[in-house]
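There are structures below to look over.
Each of the two complexes below includes chain A, the first together with chain B, the second together with chain C.
For the complex of A and B:
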C-alpha cells in the first residue's frame, strides 16, 4: 500500500493559450521555461499544484504517465519535415523526446532522483502505478510523484470515433493530475492499493467480492468499460455511489489520474473503486481509500 | 520564404534589418526582453549577456534564419563567426 500525501490537478480547455498555462506555472516557480511547450507546461502546472506546501524529499521519484506524450510538437516536427521539407526547429524536436516533460518537472521541483516517463495506451496511469509500487516494494524509493498528463485530441470527430462515443457526450479537455505518495502513513490523507488486472468483468467482480472495503464506496469508470462491464461490476458494488468524473471534468487520455484527484478533492469519505480498460480488453481496478 | 533584396548598404548599417533579426531571436527563443535592450555590438552568447542564450538557442536561431532568409549556416565555425553579435549577423545576411 502507498499513502497519499498530496494531490493536484490542472485541467483546461484544449484551446487555452500557452501563455495562460505559462502564467499559471509561474505562480509556483520562478524558473522561466521558455523552451517548454504545451505538454510540458500542462505537466508542470499539475505537478506544481500537487507538491505545493509539501516539500517533497529530493530523492522523490517522478513517474509521468501519458498515453500520447508530446502530441502537439510531434505533429509539428513531422509537418516541418514531410510537408514543408524544412529542418525541424530544435525546440520542437527536443520536446518530442518522451522524457522532456518529466525532466522539467524534476528541474522545477528540485527532484534529481529516479525519473520515468511511462506509456501504456489507456492504462498508462495504472501501469505507471504498478511500476511505482514495485520500486517502493523493492526499497528503491521512499516517495513518488506520479501523474497522468495528456494534451487533447486534435479534433472532436477523432476523439469520438476512437472511443465510439455519441456526439457531444464528453467535453474534450487537457491536463495533468498528480499524486504525492510515500511509504509512511503518518500525515497521509489516503492510500492506494496496488492496481489489479483482470481478463473479464466477471473476474473483476469476483475480486471485488473478496475485498474488505469501507461502508461507503464510490464507483467510477474510465472511458472504455462498456455497458456489460458496468452491469457486472455494478452488481458487485450494488450500494456504490457513482462518480462520473469524466462528465464533470471532461476527458483527456490518462484521465484515471484525474479521477483519483477528483475523488480526493471532494468532501466524500470512504473509498473509490476506479475501473478502467484498454482496447485489449484488459480491465484494471484501482482502490483509493480516503482517511 | 523571404529573400533579402541585396542593397549596397551593409547589414550592420541597416536598422530595419537589425530590428528584424532581433525580433526573430526574441520570437524564436521566447525571450522576455525588449528589442531596445539588445545591443547591436554586444556578444550574443557571452555568459555576461542579458540574453542568456546557449548552444540549443544557436541551433534554433540558425534554423529560423534559414527558414526566413534562405541563408544556411554551414558549420559551427561559421556559426560562431556569424552569431557573434547582431551586427555580424546582419552583415552575414546582407553583405555590402
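For the complex of A and C:
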C-alpha cells in the first residue's frame, strides 16, 4: 500500500503559444526555463501543482510516465536535418530526450533522488506505479512523485488507426497529472493498492469479488476496454457509481493519471476502481481509496 | 534484496559482431571497428567516425522496419537460447526495454520525402517492447525506459529489483540503439564527437565516438551455472546541476555509486574493478573521476571502459556493456581501456592499459546520461 499525500493536475485543450504554460509554471518556481519546450512545461505545471504546500523530502523519487514524450522537439530536429539541411539546434536535440522533463521537475523541486522517464503504451501510469511499489518495498525510497504527461494527439488518422475509435467522439487535451506518495499513512488523504494484471475481464471480475472494498465504489475505464469488458466488470461491481473522466476532462495518452487525480478532486468518498487495457488485451485494475 | 538475481542468458550485437568468442578475441587484441560516416545530409564535406554494425541495412536489402526488427529479434532469440528457457518460461517473460532513439531509426528515412512522419505514424515509446511481446508470444508486462544513456541500465536496475522482491520470477532486459541521423547529427552539433583514436581518460581525449548495437539478457532467480554473474544491487539518482552536464565536482555521481554499494551490501574495498562510463568527453571524464576518487579515495580499484571497442551505444550501453564486461570476466580477464596512452593528472585516475587477469569478483558498473541521470550497478560472481 502506498499512501497518497498530494495530487495535482494541469490538463486542458492545447494552446498554440506555450507562454501561458510558462506563466503557470512561474507561479510555483523561480527557476527560469528558457529552453523548456511544451512537453517539459506541461510536466512541470502538473508536478508543481501537486507538491504545492507539501515540501517533499529531497530523496523523493520521480517517475514520469508518458506514451509519446517530446514529440514536438523530435519533429523539429528531424525537420532541421532533413528539410533545412542544417545541424539541429542543441537544445532542440537535448529536448528530444524526454527525460529532460523529469530532470526539470527534479531541478525545480530540489529532488535529486531516483528519476525515471518511463512508458508502457496505454498502461504507462499503472506500470510506473509498479516500479514505485517495488522501490518502496525494497526500502529504497520513502516518498515518490509519479505523474503521467503527454501532448495532445492532433492526427485524426493516427488516432483512428491506433484505437479503432472515432476521433470526433473525444476532446483532445494535453497536460500532466501527478500524485505525491509516501510510505506513511499519517496525514494521507488516500491510498493506492498495487496494480493487478489480468489476461481476461472474467479473471479481473473474479479478483474484484475477492477484494474488500468500501461501500461506495466508483468505476472508471481507460479508452481501450470494450463493451464486453465493461459488461463483465460492471456485473462484478453492480452497485458502482460510473465515473467517465475522459468525457469530463478529455483524452490524452496519459489519461489514467488524470482519472486518478480527477477522482481525488471530487467530493466523493469510497474508492475508485480504474480498469485499463493495452493492445495485447492485458487488463490492469487500479484501486484508489480515499480516506 | 530478498532473492539473488542471476544473468541466466545473454546475447549482443555490436560493432564487433555478435559471436561472443570473436568479440572476446577482438577485445583481447584491442581491436575496434570504426567507419567514417559522412555528414552529407546537411551538405558538409567531412565525415565523423561511428562504430557501425558489421552488416548494414543496405547490405540486406531490407526496409527500415524489417532491418530494425531483425537485429532486435535475433539478439533476443539468442539470449533466450543461451538461457535455455522453456516455451512456458518465454510466454511468462516480462520485457524491460531501454533505448535513447526508440523507434526513430525506423521512421527517420521517410523524412527525406515527407514531414511529420513521427507524429502521424509513431506508436509511442512503449511500442517496440509490446511488439517484441507479440512476436515472441511473451505475455508478461512491458516496461520501456527512456532516460538517455542510462535507459537500459535503468531497465536492468528495475528488473533486478522486481525479481529480488519476488514480484517477478525472471525478466528479459534489452538495450537497443541503432544508428540514427538524429543522434549522429545531434551529437556533432554539440561538438562532442572526436576523430579517432577514441581514448577516454587520456590527457588528449577530445570526445566520443558513437556506436550502435543491441544487447539482451535474461535475469532469473535461479543460478544457471557456478560462475554465473549475479546482480547484487544498484542505485539511480538525478544530478540536478544541469540538463547537459553533471556537477563537475562529481558529488552526486559519487553519491549514486555509494548508494549502489550500500544497496549491494559491499564496501568499496571489495570492488575488484570498475567499468567506468568513460565517454571520452573532457568534462564527463573529469566528473566521473572526481566521483570515483570520492568513493574509493586512495584505494582505487582497477578502472576500465568499453566504449573504445564498440563506441558509445547511448541508451543501449547499459545492457551491452554488462554483457561484454561479464563475459570477459567469465573468460578470465578485464579488458584495458583501449586507445589510452597518456595519463591526465587532473583526473587522478589511470585506467588499465593491459588486460587484468581475474577469477571472479565483485564489480561496479557506471552509467551516466543527459538529464542528470546516474545509474551504478554492482555485479559479482564467485568462481
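Everything that follows uses one rule, which is that the second predicted complex is superposed on the first by the 285 of 291 C-alpha atoms of A that agree within 3 Å, B and C clash if a C-alpha of one lies under 4 Å from a C-alpha of the other, contacts with A are read in each partner's own complex, and residues count from 1 in each chain.
FYI, contacts are C-beta pairs under 8 Å (C-beta built on N, C-alpha and C of every residue); 3 or more make two chains touch, one makes a residue touch a chain.
All values derive from a computational prediction rather than experimental measurement.
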{"item": "Which of chain B and chain C A:148 touches, first, second, both or neither", "value": "neither"}
{"item": "Partner chain(s) touched by A:90 [first = chain B, second = chain C, both, neither]", "value": "both"}
{"item": "Partner touching more residues of chain A, whether chain B or chain C", "value": "C"}
{"item": "First (chain B), second (chain C), both or neither touched by A:12", "value": "neither"}
{"item": "Partner chain in contact with A:82 - chain B first, chain C second, else both or neither", "value": "second"}
{"item": "Partner chain in contact with A:222 - chain B first, chain C second, else both or neither", "value": "neither"}
{"item": "Which of chain B and chain C A:34 touches, first, second, both or neither", "value": "first"}
{"item": "Chain B versus chain C as contact partner of A:46, first or second or both or neither", "value": "neither"}
{"item": "Contacts of A:110 with chain B and chain C, given as first, second, both or neither", "value": "second"}
{"item": "Contact residues common to both interfaces of chain A (with chain B and with chain C)", "value": "35, 86-90, 94"}
{"item": "Contacting residues of chain A [partner chain C, same complex]", "value": "35, 62, 66-69, 71, 74-75, 77-79, 81-83, 85-90, 93-94, 96-100, 102-104, 106-107, 110-121, 123-124, 127, 130-131, 133-135, 137-138, 140, 154-155, 157-158, 162, 197, 199, 253, 278-280, 282"}
{"item": "Contact set on chain A toward chain B in their complex", "value": "32, 34-35, 86-91, 94"}
{"item": "Partner chain A, residues of chain C touching it in the complex", "value": "1, 41-43, 100, 104, 108, 111-112, 115-127, 129-130, 133-134, 139, 141-148, 154, 158, 161-162, 164-165, 167, 181-182, 185-186, 188-190, 235-240, 243-244, 252, 263, 369-373"}
{"item": "Of all residues in chain B, those that touch chain A in their complex", "value": "28-32, 56, 59-60, 63-64, 66-67"}
